[in-house]
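In the part that follows, the structures are each spelled out as structure tokens.
Look at the two complexes coming up: chain A is in both, with chain B in one and chain C in the other.
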Partner chain A sequence: MFSIELLIQTLIAGVIIGVLYALMALGITFIYSIVKMINWSMGEFYMIGGYLQYLLIVEWLGADLWWVAVPLSALGVFLIGYLLEPVLIKPMFTTAVERKDDYAIVVTIALLLMLRNLAAALGGPYQRTPGSNLPTVMLGPLPESGARFAAFLCALAAIALFYLLLKKTWLGLALRAAAQSRIGAQTAGVDLFRLDQIAFGIGVGLAGLAGALLAPVFMVFPTSGVVTTVKGFEIIVIGGLGSIPGALIAGVLLGVVESLGASFIAAPYQNVYGFLLVVLVLLARPTGLFGERVRQA
Partner chain B sequence: MTALLAIEDLFAGYVSGVDILQGLSLKVETGSVTVVIGPNGAGKSTLLRTLFGLLKPHHGNVRFAGQEIGGREPASIKALGIGYVPQEINVFPLLTVEENLRMGGWILRRDRAAFARALERVLDTFPLLAQRRHEPAGALSGGQGRMLSVAREMMTAPTLMLVDEPTAGLAPALVAQVYELLQAARKAGSTILLVDQNVEDALRHADDVYLIDLGRVRAQGPVREFPLERVSALIKECLLG
Partner chain C sequence: MIGVALSFGDWRRPAAIVTGAAVLLALPPFFAGGFTLHLLTTGLYYTILAASWNLLAGFTGQFSLAHHAFAAIGAYTSGLLIRYYGVPIWVGIVSGVAMAALLGFALGRMVLSMRAIYLAIATWAFAETIHILLTAAYPITRGELGLNVPPLFRNLDPTAYYVLFVALTLVCVTIMYAIVRSRIGYFMRAIRDDDLRAESLGVDTTRVKVFVFTVASAFAGLAGAFYGHYLVVLSPQMADFNEMAKLIIMVVLGGLGTVLGPLMGAAPVQILTTYLQKYGEWDLVIFAVVVIALMRTHVGGIAAFIYAGLDRVRARNKQPVST
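After this line comes the complex of A and B, so read on.
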């Protein structure tokens, strides 16, 4: 039954989950814009972020210190990505003769399978949750899950920090420059392979952060990254591949459309509404809302 | 004068086993402008890309200020004082003019005072860029973009500047400006190795000439030994085999 209260609650829920989806998409599009490669294993880094959050809270810190566990989990995922990139991705760009990015993409698919199976081997197929002691938050007259709302605020803070990193630091300047012209960055003296390593670490770290933040909201299990990976790719198709503002706006848009569809049409088809949005955007603007046409033929 | 750059028997190319440079040897004297000319496909741009570390030599020596640099990564070569201005306009279109210049001073980033001095010096040298410092570089015209490319390199006052086809695609009215920019870089203390298809203008600004073809040096010497008629005849010979 339609009501203004339900509409507002649905919009808020959509924005909250959309911002968290956007974090994932931001990681995908960020890695693509610097390394020029799609990382298909992003969902698995999201999954690792969730497991790290679970382990930190259940084994060491407790649910009250979730806010300590979140940055530690994201940092852990950053380090895993930072260490894996020179071993798995860089050699594809330094040794392959042609279509280097294709080789690198295949490696990320292999990494996806390896990480997913490793998680199943180490943790079993069980669904786990670190739990949350956060009380329900009242947004005006409307209740919102405390864990969800905290995840939303942390995601906003992370996006703000990410923006400051890009805009206010030398590293951010080099990352923005390399996204526009890798050869230009090389002529400036930037060590591009090092920059790729850092960018890969940051990108998967964002996915890990999303995983850690959503661990108490959704369950953590070996394939928990699948749905968010799909959402992440839907968002970059809607927003435009390589566009950071596009990822943020499309993330919120996707979250809102899915929430509205689930509340006012039919909840079981929640994922379908996102795909419909993708189809509509592709029909109207094949490069996405903020993407630019690159391929000529 | 002493040779700042000495290349001996250099073999390099884009694909293993297919060398574009076929035993090329060349010297660049300190403080000079040395121009490399030759027909299309001679290996001129490949030479500069190899010197800057974008391509790895398969054989031969590259010595800069007495130090072997062949096979090093671009970041390490840049840190030694070698700048590279590629053929295409080398700016970051979505960054502002000032951010582009900051990127030019990347290797100075840990020395704030040196970086600030370099930025001030370059903005003094290029008042037009100073006026437009907060605008995106993509808004600059072709000539201004080329100016920014050179200005970016001048942020670090490189000992050696590798300049690839600086006037390619520019309107004739802008060509003279580009050579003035190179002269300004030379006055600021940079030695210049220039690859140029614009032979007449390049000869006017150079001290030494190398004519290369099929990856080898066909003729070399001081520019006075290369009147335009001789250069035209040599290039014709290269083209006709």
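After this line comes the complex of A and C, so read on.
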């Protein structure tokens, strides 16, 4: 039952979900390029973003004001990250931790367990949704769910804002400098610890934004971040760690491949196609499509 | 080569410790009830998993996040072969171990040239894919409904399983100890401390890494296959990332990169979480906080305290006796 219409619809669906996954990947890669660590609890910040969105809409704002709730949720997640960083991540640099990578993995995985179980203890295992009263959008002759389309547009806007922040502000300049060389940035008088704190906050804030935007599309529950995190990491491996364009391109690529696989091969295995893509890319280029090439020693 | 390199050195002290442990572990069936034995059996299963993961992460510096998946691979290989081809249980278990070793070998080859962070991501993606495959391929694996597998013993006597797992754990841990104390063990630690330096000094890092990946995966597959036939019902939960997080907690609490660490950490954490379950999810919240605090203050874990105590006793014995 192959048809051009189905193909186009599949491609559009793939691009839309791909951009939202890319938001997640952007957060991971951004934190990595500044703080030089992988945050394994990204999915839990995504989950918190979803819960904040749910609480704001159901308890306070109502479904019509979803566009007010989204930036508030992202801001809330940013603040949580901003406050946690000095406690959890900063010791990586201030104390003599022998193996920094291992420390970061263990601490963020412990944080993952803590946040996930905290959510389950406080909110129960129920699957919630803030609901959405956005009408279905017609893209030409093809219908697309309103909530999905709105999430897509907001994600694009957020990526544009993020780009402006990096390219046009002093903070952006400092961040780009730290990404190139931490010592260099420090020599130039940048307060690295403060920068780490802000970068960590922005990174998890991006995940929280994705969580808030996708709250009406997927359900909100304690482990709702798992699938999106898998995608985020797959995108990172495909696009290359530390590359922002890589994250965007790989995000769309992954979304399209999954969509095509789900429509034309078999739907239950939707989440496996991404991994196949990862294996193919890794076999050809072990550092991803746009990854930095690291010299040893 | 590898077989020859495994020399025990002085075998008397390890032998004495193993005998002592066996005697100690043989006591519970005489006074403990069925539920306690079940708890201890589960604890021993996690001990094998934690100890073999420690070979990878603690001794070789290969921070794999796919170890729990190999237990699931072992269990499901055995279960599926028995269900669809009617092979005897022991053939199922042997194939489970072989399959885990094979996939461990393949994964080890794939992540060989990766830096620590890529390695963690790639192994994690592998584990999640196994998890998703087991859930999604429900026409074959029955997904979340659970796959029924035959029990090892005809009667569901917890004592028999407990004794079996004690024997398994002792054998596995002894082999691991031998590996750590052998030439390969030194190579492993050299790779962990400085990969490039080890290579420049003539260590065949490729072979050692792939060897450790294969062996550790085989141990996980072995534990998983036996545990599967003890549980009688397999579910994709075995490959859930929570299991890996639990293993990390066990090893870090016990002491990463020490022989004693996983043995001290695994069973107690498993038993504590079971008893704390009545408080809902709060137990894992607390464990997570403790692990974070430990990482910030005492990276050595419980094992470091014990080793420090032993050193103090030894130092005291060496002092000349006065009066």
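Basically, the second predicted complex is superposed on the first by the 293 of 297 C-alpha atoms of A that agree within 3 Å, B and C clash if a C-alpha of one lies under 4 Å from a C-alpha of the other, contacts with A are read in each partner's own complex, and residues count from 1 in each chain.
Quick note on the criterion: a residue touches a chain if its C-beta (ideal position, glycine included) is under 8 Å from a C-beta of that chain, and two chains touch if they have at least 3 such contacts.
Given the structure is predicted, the values throughout are model-derived calculations rather than measurements.
Once the two complexes are overlaid on the shared chain, A:Ala110 sits against chain C while remaining clear of chain B. If you count the residues of chain A touched by chain B and by chain C, you find the higher number for C. By the document's definition of touching, of the two partners only chain B reaches A:Ile183; chain C does not.
In the superposition on chain A, A:Leu173 makes contact with chain B only, not with chain C. Within the superposed three-chain model, A:Leu118 lies in touch with chain C and out of touch with chain B [touch as defined at top].
Looking at the shared chain after the overlay, A:Val226 reaches chain C, while chain B stays out of its contact range. Residues common to the contacts of chain A with chain B and with chain C across the two structures: 97.
Taken in their complex, chain B has these residues touching chain A: 15-16, 52, 54, 73-75, 78-79, 83-86, 90-95, 99, 102-104, 106-107, 109, 152-153, 156. Those residues of chain A whose C-beta lies close enough to touch chain B in the complex are 97, 170, 173-174, 176-177, 180-181, 183-193.
Across the complex, chain C meets chain A through its residues 57, 61, 63, 65, 110, 113-118, 120-122, 124-126, 128-129, 132-133, 136-138, 196, 241-242, 244-245, 248-249, 252, 256, 280-282, 284-285, 287-289, 291-292, 295-296, 299. Chain A makes touch with chain C in their complex at residues 32, 37-38, 88, 91, 95, 97-99, 101-103, 105-107, 109-114, 117-118, 120-121, 226, 230, 233-234, 236-237, 241, 268-269, 271-272, 275, 278-279, 282-283, 286-287, 294, 296-297.
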